[in-house]
Amino acid sequence: MTIEAIQQEIIEEFAGLGEWMERYNYLIDLGKDLPAIDPAFRKDEYLIRGCQSRVWLNADLEGDRIVFTADSDAIITKGLAALIIRVFTNHTPAEILAANLDFIDKIGLKEHLSPTRSNGLVAMIRQIRYYAMAYKAKMKN
Amino acid sequence: MTIEAIQQEIIEEFAGLGEWMERYNYLIDLGKDLPAIDPAFRKDEYLIRGCQSRVWLNADLEGDRIVFTADSDAIITKGLAALIIRVFTNHTPAEILAANLDFIDKIGLKEHLSPTRSNGLVAMIRQIRYYAMAYKAKMKN
Amino acid sequence: MEIFPVERIREDFPILKQHVYGKPLVYFDNGATTQKPVRVIETINRIHREQNASIHRSVNWMSDHMTQLYEDARKTIRAFIGAGKISEIIFTAGATASINAVAFSFGETFLEPGDEVLISTMEHHSNIVPWQLACERRGARLKVIPITDAGTIEMDAYRNLLGDKTRIVAVTHVSNTLGTINPVKEMIRLAHERDIPVLVDGAQAIQHTAVNMVDLDCDFYVFSGHKVYGPTGIGILYGKEQWLERLPPYQGGGDMIDRVTFEKTTFNELPFKFEAGTSNYIGAIGMAEAVAYISEIGMQAIHEYETGLRDYAAGLLSAFPGLSQYGTAPDKTAIFSFVLNNVHPFDTGMILDKFGIAVRTGTHCTMPLMNRFRIEGTVRASLCFYNTHQEIDRLMEGLQTVTDMLA
Amino acid sequence: MEIFPVERIREDFPILKQHVYGKPLVYFDNGATTQKPVRVIETINRIHREQNASIHRSVNWMSDHMTQLYEDARKTIRAFIGAGKISEIIFTAGATASINAVAFSFGETFLEPGDEVLISTMEHHSNIVPWQLACERRGARLKVIPITDAGTIEMDAYRNLLGDKTRIVAVTHVSNTLGTINPVKEMIRLAHERDIPVLVDGAQAIQHTAVNMVDLDCDFYVFSGHKVYGPTGIGILYGKEQWLERLPPYQGGGDMIDRVTFEKTTFNELPFKFEAGTSNYIGAIGMAEAVAYISEIGMQAIHEYETGLRDYAAGLLSAFPGLSQYGTAPDKTAIFSFVLNNVHPFDTGMILDKFGIAVRTGTHCTMPLMNRFRIEGTVRASLCFYNTHQEIDRLMEGLQTVTDMLA
């Protein structure tokens, strides 16, 4: 599925949900379902800094695609991280860099991606793009 | 004449004057009439600090009375200084310390004695009282 | 005791009528900043519309008048904190700026290699980092008074730490995270027995309790306008005259000088020596108005009402299953730091937010205190005299939902 | 050229309707502080009534929202001064605080005994004293660029003073006493040829002319909110990222740290590293509103109108018998410093005050400049875009009265 299609899928999932409590409950379930990150990556080097809820992110290249894993100590943040991972994982660096991330706004969780929320998600998305840039450069060589 | 009576006299003089321009002209005349202070006293030790228009003040004891001389480089300030001198000079330290200085308010020049005017007159009056205290102490010995 | 007219008082704070996500705002983030009564708002408004002019060194009527208001503000603050002299009241940009001024100027003059600065485990970063920087510059050492599990100063340890090398004690009056009211008067007495001066960080005390500088006998006391119902960008440094006179100025600029030549500058007298540049005179006047407002309500009445709120909230929070409180000193303000079992404070905060309840989560600028309790952060609800018992009930409902959703 | 709608603009400034001693206010003290347009007043009012909450590190909606406004304010300032990066815009308490921050942090890192700091004869005390203090602390020396009788930098002398020991140049963009617009771009170019950084004091420039940091290529630029039609207690320090990163933080406290332990503190990234404590976020947002307001009018339009005012006033003042002007550079703002023959500036100011004309008298925090001209002080009329030709006529009438009464 394309990044666009996955976002569309998520938007449809959320369309069936009621107000904030149902959405949060869904995020919490997503957070719980996301497997804990490999302890090898639950380390400071993989930590996204500058936020209250800590987010760890790892990226591996498998073939020409990047596979992301993530974790967080806060469960709602983790649920959001799970969504972001689901959108980006298993795509090529070029696809990731070209993607237009708008589903979070459309599912009514915009405030969680405001740069002023110290939940680390903005930094996580930035980090995902950095990984994509780095792997793209690597693949060229 | 008592300090009280001199103040009363000044108030009556000003009662005959019109609005600010006449009052200022009168002050300017008083300033011009006040003889320049003895150059020996136009020095930093006699300068009242912390103001834009500089005021110099000297006090001598003659018998049991204090004689003040003053000067300023700004003429309106000098006129006001002349009035203050006229009120206080030639009185005993005890009289000076007991005096209630209210004529400036009554002649409509209150703003010149606000502590926020940097014309040095508030500091001058404080200094006059310091001299009176000092001489009073001296006379006791 | 008269009933505290909280509903009438709430009318004085326009912002309390706001709704967040359609729910009436419950503002429990007073430890971070307080809301402004209409008197303060209107004072600032009026100055901007009718009176603004630069203060000091002026001949014009407007400037005279502003200067008068500014210096009157200083008198209001002096009276409010019971300081001895007008010249001991310095307007700064805030509590942090005040502490930095003392840490720098005191450090330059009195700290030598090997000397010690004594602070407590519960200090706000603003009362840690300036001292770290000063110690680093001067080769001095920072010593830390330990605290108990309840979040109170270990007084025996404090006595032992006060030593021949201690040059100054810097301690918070009230902990911004725990609410603990420290026995500062006794701590000052003990320090003074050894001629050690004490700086008290009053940022979380001044708005909740009457203070008196002469009675407290502290050497420095600092606080922020925005935490005492006044505007941002203004604060107070109180210092005993004999100390302020011995300290070199902190910043250079307009107003703090007597004479400047390129060879040598002599400094103005107190308090101006420590007020470099155009001061935030509108902020100062706004803060004085805030202080006048709470003085009229009465610090005693505020204290009693807030104590009632505190006891009510403490009772409910203690009874809440799976909730751990940090800061359980008997003598404390209505600040509550807590964590729900297995729930990250940030999750709690996000859900409370949806109920229109504004709390703060995280370390509250007290990371060393978090380390002491081996936690990553807490949820903090900090109350003041415009809060109500009903609002506490709403917090409890919110916490119940958090538990239902997450625990 | 369109006609500048000064009457409509005056409507935006409520205070301009004030009367003093029954006379309509003529506010010619804009060099000291400027008045606030209604947009700024209402922005502050609205925040106080509806939006106030502490910024950064928060989970609640109100705080999110305030943080957004604050960071948007930073973006507005960045765009206004044409800085390259958001992280280069630091909110401070004012121009004086900004200069102190640089003088301290730069001094600690880059000044060694024997090094030189180069300033000019026309600096404001706020751009002299912080450097004196830094030089004293570090054993460095202050060197002074001379000026001509017209009040312009002696460029040859400047070239010669730039030497191997010069570590930094600190120079005002526009003189607050003379109005001279210094050739800072050229001065920066010359300093950069020798790898010497330059701090420009923009306190009197930013409100009168468009500036662009990238074009100017200065290393630091400072100004105050209250002089650019914004509130008091707020200012800007612009610094090139590569410099700000190399400088140690100035003040310690909340928000400027990354992690604090008692052993070691690591600092937050730019711009927060230099914003210790709760910043004056309401002031910052108010200042951004002011800057947005004048940007809408257009800095070019303002500059042209003010140039017209300047030429009109300069002509009348030059023709006035017995009046000596200080600061007659061709390239200057509408700031006029003058003395009437045999009349003390203070007397002039007192009489103008009675006409409702607010000027400033004295040394204008530039005592060394007064020494250069061997005078005790001047009368200063400083105009801006809400002033009118008629107001200048009233000043001239006032001066005629002063002459009649005193000369």
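When the chains are written out, they are named A, B, C and D in that same order, and each has its own residue count from 1.
To be clear about the criterion, contacts are C-beta pairs under 8 Å (C-beta built on N, C-alpha and C of every residue); 3 or more make two chains touch, one makes a residue touch a chain.
Because the structure is a prediction, the values reported are computed rather than measured.
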{"item": "Chain separated most widely from subunit D, comparing mean CA positions", "value": "A"}
{"item": "Chain centre separation (subunit A, subunit C; CA means) in Å", "value": "39"}
{"item": "Between subunit A and subunit D, centroid-to-centroid distance (C-alpha), Å", "value": "46"}
{"item": "Separation of mean Cα positions, subunit D and subunit C [Å, integer]", "value": "31"}
{"item": "Subunit D residues counted as touching two or more neighbouring chains", "value": "21, 57-59, 61, 63, 346, 350, 361-362"}
{"item": "Per-residue multi-chain contacts in subunit A, two or more chains", "value": "52, 118-119"}
{"item": "Pairwise chain contacts, counting only pairs that touch as defined", "value": "A-C, A-D, B-C, B-D, C-D"}
{"item": "Residue ranges of subunit D touching subunit B (in the complex, touch as defined)", "value": "21, 343-347, 350-351, 354, 361-362, 376-377, 401, 405-406"}
{"item": "Complex contacts: residues of subunit C adjacent to subunit B", "value": "55-59, 61, 63-64, 67-68, 71, 258, 268-269"}
{"item": "In the complex, subunit B residues that touch subunit C", "value": "49-50, 52, 111, 114-119"}
{"item": "Sites on subunit B touched by subunit D in the complex", "value": "20-21, 24-25, 28, 52-54, 73-77, 118-119"}
{"item": "Complex interface listing, subunit D residues touching subunit C", "value": "14-15, 18, 20-21, 25, 27, 29, 32-33, 35-36, 40-41, 44-45, 48-54, 57-63, 93-97, 99-100, 103, 108, 124-126, 128-133, 137, 142, 144, 224, 226, 231-234, 249, 251-257, 259-262, 265, 276-283, 346, 349-350, 352-353, 357-362, 365, 367-368, 371"}
